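Per-chain residue numbering starts at 1, and chain names A, B, C and D are given in the order in which the chains are listed.
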Amino acid sequence: MDYTSILHQVFDESKTDDGKVADYIPELSGINPAKFGIYLQTKDFKKIELGDSQEAFSIQSISKVFTLSMAFSLLGEKIWQRVGVEPSGSRFNSIIQLEYENGIPRNPFINAGALVVADILLSHLKNPKQDLLTFVQELAQDKSIDFDSRIAQSEKETGFHNASLVNMLKAHGNIKNNCSDVLDFYYHQCSLNMTCQQLAIAFSPFASLTEPFDFEGIILSKSQVKRINAIMLSCGFYDESGEFAFKVGLPGKSGVGGGIVAFQPHQYTIAVWSPKLNQKGNSVRGMKALELFTTLSGQSIF
Amino acid sequence: MDYTSILHQVFDESKTDDGKVADYIPELSGINPAKFGIYLQTKDFKKIELGDSQEAFSIQSISKVFTLSMAFSLLGEKIWQRVGVEPSGSRFNSIIQLEYENGIPRNPFINAGALVVADILLSHLKNPKQDLLTFVQELAQDKSIDFDSRIAQSEKETGFHNASLVNMLKAHGNIKNNCSDVLDFYYHQCSLNMTCQQLAIAFSPFASLTEPFDFEGIILSKSQVKRINAIMLSCGFYDESGEFAFKVGLPGKSGVGGGIVAFQPHQYTIAVWSPKLNQKGNSVRGMKALELFTTLSGQSIF
Amino acid sequence: MDYTSILHQVFDESKTDDGKVADYIPELSGINPAKFGIYLQTKDFKKIELGDSQEAFSIQSISKVFTLSMAFSLLGEKIWQRVGVEPSGSRFNSIIQLEYENGIPRNPFINAGALVVADILLSHLKNPKQDLLTFVQELAQDKSIDFDSRIAQSEKETGFHNASLVNMLKAHGNIKNNCSDVLDFYYHQCSLNMTCQQLAIAFSPFASLTEPFDFEGIILSKSQVKRINAIMLSCGFYDESGEFAFKVGLPGKSGVGGGIVAFQPHQYTIAVWSPKLNQKGNSVRGMKALELFTTLSGQSIF
Amino acid sequence: MDYTSILHQVFDESKTDDGKVADYIPELSGINPAKFGIYLQTKDFKKIELGDSQEAFSIQSISKVFTLSMAFSLLGEKIWQRVGVEPSGSRFNSIIQLEYENGIPRNPFINAGALVVADILLSHLKNPKQDLLTFVQELAQDKSIDFDSRIAQSEKETGFHNASLVNMLKAHGNIKNNCSDVLDFYYHQCSLNMTCQQLAIAFSPFASLTEPFDFEGIILSKSQVKRINAIMLSCGFYDESGEFAFKVGLPGKSGVGGGIVAFQPHQYTIAVWSPKLNQKGNSVRGMKALELFTTLSGQSIF
């Protein structure tokens, strides 16, 4: 069965109505829950797209892969002094481990870790927001990508949990800039609006479909790319990361906007978007679609 | 560079004296800390061995892969009602998550999870110890493999932590047999003595170097094998699993006897043995050797 | 209003049917839930009793006061090297703090602490069960008090949580005897059958209604008695100790058999029994009766 | 022995140099560590004072008794819907229980609880800071008592842990006002400067040395006063509360400024000040002095 047939079957069979649109960010809750898009890009740059694959949505936590790439490029191995690479085993926003582990977040994909990464970018870049935007535009080969300032503002006004996290990190000395500056940057990165197409293209360098990894001065060695991929596999889906590896078997990253991007190194990248989330914060249709896709295609890293 | 040259370089450069032989099991503490063996088996069944690769050692937690395979084959998907697939984020013997999560261990490779798996085998097999032994002998194609009853006895006499775990599981209704029977089986499985060679061969079916997976009635589908591999990658190295995925990028399993077995699906299996452990309970030389091996060979699943 | 009128009002107004008889010990679950007894003994040895005050019931955790008294008398201040005096802030059987705090239980009234106390008695007494029995008989001035071996046996067969605790303590080196011997003694102490009358009399020396504290060689100084009282106030009611101090304002101890004994030093002791428990494991009527009693009598230590 | 002789002995024998002045608040760290004052006030209003009993210091957490009294008077029993009365069993600033217990702090004397109490005062008072000041001045019969705005400012600039707590509370809906307003009030209450004499007098109504409890519209019934006292005994000394009850046996409250005030209801109040703290944040000399005082005087609530 070829990819096109598989994706059509996946698209049809994943149309569950289970799940619930994220409501903790007011601006996100207004999204049409029926939206559903898939975009596949293969190693020979064949593209298959279905549904709302050209519609931009809030990528939220998927942005953590972009900021980690920048910080890893800037700091090299020193970055691991400030954030770990282990799965957290707890809810994505848990403050508990932070207290027990003296302010070193478990990994860069839990909120606490992403806040530390944001702090690193603030310390090392003159125009961190613009630099991030340019980097993502280059990765996705699309200059139209932008922040959604309404979303960023909406999160800022209600983001007490993240404010709690960043202050706890600061209390442990693991935030160097002003807490409000770090939050401002963090909410902007989460507010990036991208389409399934843009995401699938932006992750091609992580899947080694294009080489080398060198975009606007953000350079990662092959080894560094592999390591980021390993973190995606271990930690990319909050405390459902084991479940995703178990059922799908691909590195990837999800966001509470309903987007998921995943890939098989050297083979393909795939981005899915559907806003209704399960209790762990991952897109219900997205998880189902990717599980079905690897089952039908018989392809996974294992 | 070919595998032979790479492995010689790996063998030489990994000879650190860091670490400490496991001392919590009296019988294990007497081992010669200088032991060091490597065995590689490739997809075309080329074999490369160095050092003490033919000497049997206590495989300890590596046995959890074998018992999980048996229980998964026996119960199918129902097994996941009694044990999860998420990394624990805590020390390998943590009883805390068990209390918070009502007696469902995070995954089958922490001790609590392996005790539940042992309980499943006791419920479903007439001669669980003999059946396990036969299964492992078939996997490794070597009838000489046996339990080391002195090790099993030694663990039983000092294994208060595991006794605590199994009673906590029983208090939550997740152990069906007598606690002492479960512990007896568990200590026997951990006491299996195997060489690097035997381990590398025994893991070939997990790496899909041989197919199908059908040994003495223990049958696993391709999909089931992939899922066990995903658990190995996420959870195979205690709370250093993320670090191992990050630095080595292979599914695998370690034991406090100092053994590590890892593999790249469809490419090779590799077993390493060196008794000195780091603070997380993984072989220092073993971790170093495997990191170096994937770096030099440029091969990993990412 | 005199004590007699107050107690009659208390008895009438506390007759709620809320709560649930303890069911985790099979032998306890058969008790008649309507049982209700009160016994008050004043400093001038006036006695007021109501309802089932002469009927013996399983004192369960109230026994922890007796064993602590013996161990404190035997070891003096050294006892605090093996068990603390702080409230636990967690469920009475929590194993979590034990793991974080290296096997030193928070206080002698959580199960883990009582198991350490039992272990101390086993190490220091030739006939620990008989010695405990004699001590309690002397305190209560009643030779008929005995263990209920059916209850002890019933607990032993289902007490996996306590077995988990004692093994965890042993794993941390804070149990010196065999785990099964410690559990056997512990289940016997909990199985002591006593009436409200016997309890009220037995606690008179703690309330300094009789002095000195010297029973069968178990001698406690005034200062030591005060300290045991302080632990009762801080830790006597599981994780409802703060609530009890807040609403009742007396040192005391409860058990899952439905008994509560409390006292105002130099004034009175009072024992209440009613088997239906709230979610924290304390007698619903008992808590209500004591709150009402101190409100109406205007007497508390504050 | 009379109180005067006892206090002189206490003063002399408590002069240890152990401990460390609080350094996490820069303005507090400059204090002379040799300061030592004691002030005793008896039921017949005899006053005994020694050392630096007339020198004002930062009362810090002792202020939590004053704000709790105001909030309890304003809300009555409804206050317990927003804060508990159980000891926390954890470090005074632990955010962990907050996460597990959905934003309801264990008691009003841990920082999280005091922040909720501050929020209540902000919601119910027009001039909360002035009202608190007036209330404390009335209690202590001294109009000269004031905030120390340098201390308040110093804490605000470095108080990331408290900022983390208040945002976590807000994320759980248990803070109604702006986080920064709550922190501003909280830091002002902690910055109150008082002498041992002022504190001993201010606590006389809690010890029922004066009645009724009615100061500037803050009215507490006898029962309410007793309940506040019970919380002081259970929770007044961070996670050393059990130890204090065990060794001293009095309700009281300590602060990281080195002050401790304690009392025996109907008998006396006593305030001690010495800036060097133990690891739990309580004054070393203060704890020692009070233990010695109750031992020598033979007086405690037990």
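The definition used in the following text is that contacts are C-beta pairs under 8 Å (C-beta built on N, C-alpha and C of every residue); 3 or more make two chains touch, one makes a residue touch a chain.
These numbers were taken from a predicted model, which means no experiment stands behind them.
Engineer: So which pair out of A-B, C-D or A-D basically repeats B-C, with more than half the contacts the same?
Structural biologist: A-D
Engineer: Compute the distance, rounded to whole Å, between the mean C-alpha positions of subunit A and subunit D.
Structural biologist: So the centre of subunit A lies 47 Å away from the centre of subunit D.
Engineer: So how far apart, in whole Å, are subunit C and subunit D when each is placed at the average of its C-alpha atoms?
Structural biologist: That pair's centroid distance is 32 Å.
Engineer: Let me have the rounded angstrom distance from the C-alpha centre of subunit B over to the C-alpha centre of subunit D, please.
Structural biologist: 55
Engineer: Could you pull out the residues of subunit A that touch at least 2 other chains?
Structural biologist: Where subunit A is concerned, no single residue meets two or more other chains.
Engineer: Give every touching pair of chains, nothing left out.
Structural biologist: Listed by label, chains in contact pair as A-B, A-D, B-C, C-D.
Engineer: List the residues on subunit A that touch subunit D in their complex, please.
Structural biologist: Contact set of subunit A toward subunit D: 94-96, 99-100, 160-161, 163-165, 167-168, 170-171, 179.
Engineer: Okay, in this complex, where on subunit D does subunit C touch?
Structural biologist: The contact residues of subunit D facing subunit C are 84-90, 97, 106-107, 222-223, 225-227, 229-231, 233-235, 239-243, 245-247, 249, 251, 265, 295, 298, 300-302.
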